[in-house]
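Mind having a look at this structure? Questions to follow.
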């Protein structure tokens, strides 16, 4: 997904407000699942799991400013038994990387969110298909 | 409620991002109801209504900037049969008003959100008590 | 512009958080100016004015929920001597209107933000061209 | 700092939207510096440095929901030559931890944001004073 920075995305230093990368990361990965036919809010009824965020991180290398465009390139970097990690590379218009973010998600029992359960095969297939990468 | 402006609240012009007033307005009025003992998410089970936002407005008179404090003073300005309007005056540290916002909320049937229903007496009493004002 | 609702856009009632309409409105109109060749942050150096938000309003008619798409159709509804008003109609995928928002902006002296100045002719032309409408 | 979750802080799953922890983290640490007498926007003129965010991370252990209160306890966990890391523990009302976030900040030349410079002694003293901890 591509985002153009608006006034609401920047801070008084004139640059992107850093927490926005996590918003874009969430937006890009839920959109990716959506385009693959899996709505995250349907997972409990369709696949018997819910997905919760376990960890998030970001490293900021270069900054971006008002009206710049940033492209989020999404990759599934690891798929474990009950969790998986996605990485987003945020690329500026000049082709350099502004930031990298990761998101680790865990599949849980929708009725007992503390109980991790295996990543359902359809999700595992999609993650492995490389469709999340480019 | 009082808010101090942080980096995430300001825009590249160095001043408050205007849509934040609506966030503070929502925060202040749901907090006020909460402190009166009425959680908005409990209204369906306790009073048989849900509350939806019908209209919002704001006028911006003076601006505020990073690290300024702003106080939201909340008033119930009108109470109709099925709806009510709250006003928030946002006062700067120098005592002048930065902005005024209004919020018009409607009570609806929780199962049919298009159907307006009367404001329940307990809510009406609270709104009229003047507790919402100062 | 078209927006698909993500988790970060919705509230615990499962519907769009109402203040987001003002964010989309800002995003759509600054993008429109940008696409016409006028960056808002360049206005002081290019046209000798700054633009500040004087008033905003919104009416909510129907709601939208997670993964719905909403299209913002932007119109310049009035152009005065020192200010102008833009309206955004937010249209759901079924063609019905979810909400209408307005934004009144004032041109001011960049060095004296309290002093309103005339809308510069290039901005006036763009607003009148109907390019803001559809 | 203590935050009570409002509608705008939660997502359609009814729980806190995860990116908010980064907003609270930024808010808490800039407020801490502010209360110590150091405004971050004054650093270039007062100490000849600017501070930029290099990395951020968060781990989510337990969730919080609408109207819950969360307390951010801030600690300076490491102070290097040009950078320092702050950790925020987010504690629920029942005393358990909801989440831990870290923020790594780098001091840079205000005129060459790519050039790291030493953490100025006054900042170093404050970080070491333990005032950031509790």
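By letter and in written order, the chains are A, B, C and D; residue numbering begins at 1 in each of them.
The rule is short, and it goes like this: contacts are C-beta pairs under 8 Å (C-beta built on N, C-alpha and C of every residue); 3 or more make two chains touch, one makes a residue touch a chain.
From a predicted model like this one, the values you see are computed outputs, not experimental measurements.
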Query raised in the report: What chain is the most remote from chain B, judged by the mean position of CA atoms in each chain?
Result: A
Query raised in the report: Rounded to the nearest 5 degrees, what angle rotates chain B onto chain C on CA?
Result: 180
Report summary line: The distance between the C-alpha centres of chain B and chain C, rounded to whole Å, is 22
Query raised in the report: What whole-Å value do you get for the distance between chain A and chain C if each is reduced to the mean of its CA atoms?
Result: 28
Query raised in the report: Just how far, in Å, is the C-alpha centre of chain B from the one of chain A?
Result: 33
Report summary line: Check: chain D positions touching at least 2 other chains come out as 7-8, 12-13, 19, 23, 26, 41, 66
Query raised in the report: Looking at which chains touch which, would you call it a line, ring, star, complete or other?
Result: complete
Requested in this report: Over in the complex, which chain D residues touch chain B? Could you list them?
Outcome: 4, 6-8, 23, 26-27, 30-31, 34, 39-41, 66-67
Report summary line: Interface with chain D, chain C side, in the complex: residues 7-8, 10-15, 17, 19, 65-66
Query raised in the report: Along chain D, where are the residues that touch chain A in the complex?
Result: 12-13, 18-20, 22-23, 26, 41, 50, 52-60, 63, 113
